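These notes open a run of structures that come right after.
In what follows, chain A forms one complex with chain B and a second complex with chain C.
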Partner chain A sequence: MAEAAATPLGFLALKRGGRRADWTDWVTYGYLGLGVVVMLVPVLWVVLSSFKTEGNLMEFPPTLLPEAAKTVAVKGYERPLPLYVVKSADGRTATLAQVRRVGIEAQMVDPAHPEAGLVTVPVDAATPIRHFHVGTGNYTRLLDSAGGTIWTSIYNTVFITVVATAITLVMNAMAAFALSKYRFRGSGVALLAILATLMVPATVVLVPIYLIVSELGLLNNVWGVILPVISTPTGVFLLRQYMLTIPDELLEAARMDHASEWRIFWRLILPLATPALAVVAIFSIMSRWNDFLLPLVVLNKPEVYTLQLALAGYSDENGIQYGMLLAMTTLTALPLAVGFLFLQRYITTGIASTGIK
Partner chain B sequence: MARLTIEGLSKTFGVVDVIRAANLEIADGEFVVFVGPSGCGKSTLLRLIAGLEEVSSGDIRIDGVSVVRTAAAHRGVAMVFQSYALYPHMTVRENLSFGLENMRMKKAEIARRVDHAAKMLRIDAYLDRKPRQLSGGQRQRVAIGRAITRDPKIFLFDEPLSNLDAELRVLMRLEISKLHNRLKNTMIYVTHDQVEAMTMADRIVVLRAGVIEQVGAPLELYNRPRNRFVAGFIGSPRMNFVPGRVTRVGDSDFDLECDGLGSMTLPRGGRAVAAGQFVTFGVRPEHLELGAAGAGPWRLKVEVVEQQGSSAYLHCSAPAGEVLLHVPGQARQREGEVLDVGPAAGAWHLFGADELRIVGEGP
Partner chain C sequence: MHSDGKAMEYLGAAAALPARALEPVMAGLQRVLGMGRLPWVFLAPNLAIIALFSLAPVLINVMYSVTGTDNLYPGERTFVGLANFATLLECGNYLDPATCSRDLFWRAVRNALVFVPTQVAVMIGMALATAIALNRDIRARGFFRGIFFFPVMLSPVVVAMTWLWLLQRDGALNGILGLFGFERVSWLTDPSRAFKWSVFVTVWAHMGFYTIILLAGLQSIPADIYEAAKMDRASPWRVFTRITLPLLKPVLLVVFILAVIRSVQTFDEIYVLTGGGPGTATKMIVHYIFDTGFAVMPRNYGLASAASLMLGLVLFVFTAIQMRLARGGGANG
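Our next item is the complex of A and B:
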């Protein structure tokens, strides 16, 4: 098993016990495969579709890969003409370029001999020649022609995510430090009260939060989105549970080493809680990046829009701009996917488990 | 340097008395070992001195100044923890200098002290490693080094060798003793291992259930234990105890009837015993002598022979329990053999029903 797991392919083909595949192996791999399909197909569809042209997107049945009609430049015609395979009545096929379409008939020209003149062909007899074509038009349109507002949205989202996550980590870690390492009257009640807020749905407190934010004059201000959810009960709980595993003797040693409580927090607790902090950071980044409801209520001007709000702007009463929507969805999801790949490694790194005993 | 005085010191956790009215005087430069079975309060006593636990009542004075209300960092003591408590994310150098940085000491002075401690403990080659890259013994040295750099008045050791294997323990025991000879600081050392206590201490403090049972030099405790507990705890293997009854008391001698072992006449030596008194007779394995066949006074059957090469232990059965004999050299006795055994003159103890040793005029 150990040698088999060494190579990626060997790892993917790992079997329970020996060399032969047991029926449980088939069930396991089948189930896992199904999971992969369910999770991955919608994402792949969005990414692939974002590279399709507007016409390609509207086609039915849809194509799997982004495709475009093959065109050819023909002498005497200004624009490149789309190529068709035309089946004539006597069974012969020819590759012709379409000049224009009139009703159920199309006028075509032989790209090799344009001087031969136009041929009229019934539409049914012509099949367009397609080829794989990555259309970056959606992206270029999104990034420049949308008037630069997209860049403002990106900046707003990045600012909110980074600042809010940093503050969340520090606030949650301080609360967790106190709840895990200090014995004081009411610490149990405090923890319970923090956890109890988990039972209140976010939508219930939306209106009170809006009122508070509005009273503080933070409407249409990114801080109005950052401040209301800076401390999270799950974050406090997760960090507290992790900090409980940091031995008290370390803190006692530090106290004898003239370290203040503040210094113990920054120099000992935070570095040793890195794995838990990474987990909380991932949760915070994901929820901040994808947050929609609170920004929707608090931010009402395009210059303070987050990406998610801008994204929602592509579908309104005038219809849905699928190309832009798909391209933006891909762009919006990309940083998170990359970030997750990077931070995932930290989760499994247990630093505090070494060095003691 | 430092003199430590403990006066009427008590510590309670809720309703549990962990330390009960302890009094102790430790002279400057002394190496004192707190020893006792687990749960006896020896670690708590050390933590009270360190300032890691709050005192319930009583006083702790260092050089005559009460430190009960002083924070741990400002008492001028340094502690070596059982788990070493090295900061796992810092290098050895950072571990050694962390405390000094917190005291806002000058960089050059920190470097000098770290260098000095590292050389003394021979860890200068590992200064840039993390604790997890060190062996147990090396970690132990770093933990001691961290205490040395602080240049404390008093060193506190909380079972520092209990995580090491037997061979390394003997080695580190020696090193700590050498360190004490060199630094000449006051050191307080907690252990449950009476061998460590005997070999390292200038004075031993024996604790049981939060009470100091006896304080004294190792051999004093060995030769003149105050009560049955100390007699049983100090010395390895432990003392043989046989319950018995005084049957006759003369001017210079008395008869003792040991349970199932028959009667013997012993010199009284001024001991206050009365006929009919129930006592416990105690004698160490090394103080039982083999007599000529039929000489008595005890006849014991050998159950197990443990040869150790330089000496041997004979486990013998007696009605009141096992009696252990230590014989020098290699034992010729066989299992099943019946031996005539008697206590060496002047090397036995008598304990009353209150467990206290019944003291004679002599030793």
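Our next item is the complex of A and C:
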């Protein structure tokens, strides 16, 4: 035990169960800690930055926390004035409010005694006083801007995600039901045909899908990005495997009661398959919310943009307003991030057991 | 497993209305068709979508690849035989894309030939190391697992935007380096640096997915094998190479194939991060297809389809291997 831990490769020894922490544990924690920094900090940085003012964002080196100039209301001046620490020639410091700046000099006023009049100080001698300030301006400007196009994108994305997922669940469950609960000629071929679509990712048939969507009159229409993706082979497969575990006796009992097959499907099978349906639903929501290539090809007008397209397109425009861009990035990531907090176990178990996403 | 059962219940209730409305229709179909043909009714929507958006596209893709002109409508295209393939494959010297008739295609191919092995190797290496660390007897395992996994949930555009923000000239990375006295660096406007960052960012975004699969594989290795090795005073390296790696091999193989399939199709993150640039330094094959078929006027559907077919052939081979492996795994489990 001690020998094992003393070799540099002790880290690779897979041991579980109670024992004292040795240095291999510290290597592990060190690695995982570094991982936390590399994985989490970039995203936190974006979120933190999204609360900075545009001026604060332009600074280099960037400030760690969102900051803004501290201001003070001075009698006789309409707008609040920014505060500065001013160092005078004899080494004394004073806190003054800047009224205006003229070249390399600034005119300042003592906020406590505005009646004393203006003082002229060189800009070099004045340091702005700043304080921690969470600015929501980027978010309000983003949500108000450009006739509310962002709301259109949000609506489109939510519509596509919800509708496509609902259809995917029902359609795939129907196919899975047929392929798990009936013996019929051609069932093997049907399953194979569905699974074979794994070999045809959208990246390979982009041009023909564009043609078909266009022939259906669905270019620049959200249905043009819903229909091509609602049948997911992995979803059918997962549901079928799950439904195979539902005992046939239950179906027989229902048939004795003269239930139609459709009734058996939606009153008996669907509720029993809830766990598998939940996994398929989570993966579908993730995929549809994040879809990019197909929408990029099919949706070319701002009115039908999804959030992803709006976000990607935003960087193309001249004069990027980083504040709004960061706010939009945060908003786009938010729903799935929150969902992940609550459903982490579901998602990771789903991936571990199926190898799909 | 049933934490959100309530939500599903409500969802079920909402779905019940159309389901109930369909009941007479389906009962009627059941009477008319009989039980023997009823399964096809249940399969019909799926098969229709597959026929329309998977099967037909493959055939149409072949048709596009052997026809010319920039007309989208198939009837107006002229048959050109294998000319599109010949154009793509025409090269004076295959080691020098500049001598090819479609140099952009060859630059994309060459980029992919470097990108795919590098990215897959780095990703699987990192994922394996992380899975091993997470499989140890550590505190807060769920937290750490979540941290490594959550970028998988982020959209490619969000991932790219995040790193664009960090890597820009006045960004956080240069800020941190500045603390140590380094000059500001343009990370994404230098071809070699942009390529490395493309590898890094795609690994960052996807390694959690493979970590989870590998972790499940590690956890399925029986603990008593390790106990026995401990009794025999086997060294950690021996334990790793003689027990862990061999027993993990099937999972590693699946992860490898999955990673290659995805890596070959890399597009979204890099499209937003570097736009394929600077120049063509990070342009991948799907990016070439997108440019040729959609972004660059006049659109050349024939060339795009021919390139798609070649990509499809590569993916076909790897997917076929993956399905074989998956079936083998299913039989064992």
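The definition used in the following text is that the second predicted complex is superposed on the first by the 251 of 357 C-alpha atoms of A that agree within 3 Å, B and C clash if a C-alpha of one lies under 4 Å from a C-alpha of the other, contacts with A are read in each partner's own complex, and residues count from 1 in each chain.
The rule we apply is simple: a residue touches a chain if its C-beta (ideal position, glycine included) is under 8 Å from a C-beta of that chain, and two chains touch if they have at least 3 such contacts.
Computed from a predicted model, the values in this text were never measured in an experiment.
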(request) For A:A73, decide between first (touching chain B), second (touching chain C), both and neither. (result) neither
(message) Comparing chain B against chain C, which has contacts with more of the residues in chain A?
(response) C
(request) Look at A:T329 in the shared chain and tell me whether it touches chain B only, chain C only, both, or neither; answer first, second, both or neither. (result) second
(request) Go through the superposed model and pick first if A:L268 touches only chain B, second if only chain C, both, or neither. (result) first
(request) Please indicate which partner A:V134 is in contact with in the superposed arrangement: first for chain B, second for chain C, both, or neither. (result) neither
(message) Just to be sure I read the superposition right, which of the two partners does A:E249 touch: chain B = first, chain C = second, or both, or neither?
(response) first
(request) Find the residues of chain A that appear in the contact set with chain B and again in the contact set with chain C. (result) 260, 263, 271, 351-352, 355, 357
(request) Note which residues of chain A are touching chain B in the complex, please. (result) 247, 249-250, 252-260, 263, 267-268, 271-272, 351-352, 354-357
(request) Would you mind writing out the residues of chain C in touch with chain A in their complex? (result) 1-5, 8, 12, 15-16, 19, 22-23, 26-27, 30, 35-40, 42-43, 45-47, 49-50, 52-58, 60-61, 64, 72-74, 129-130, 132-138, 142, 144-158, 160-166, 170-172, 174-175, 178-179, 184, 204, 208-209, 212-213, 215-216, 218, 221, 223, 226, 230, 233, 235-237, 239-240, 244, 254, 258, 265, 267-268, 271-272, 286, 289-290, 293-294, 301, 304-305, 308-309, 311-312, 315-316, 319-320, 323, 326
(message) Quick check on the complex: what are the chain A residues that touch chain C?
(response) 1, 3-4, 7, 9-19, 25, 28-29, 31-32, 35-36, 38-40, 42-43, 45-46, 49, 58-62, 166, 170-172, 174-175, 177-179, 182, 184, 186-187, 190, 193-201, 203-212, 214, 227-231, 236, 260-263, 265-266, 270-271, 274-275, 277-278, 286, 289-290, 292-293, 296-297, 308, 311-312, 315, 322, 325-326, 329, 332-333, 336-337, 339-340, 342-349, 351-353, 355, 357
(request) Please give the residue numbers of chain B that touch chain A in the complex, ascending. (result) 50-52, 71-73, 77-79, 81-89, 98-99, 102-103, 130-132, 146, 150, 163
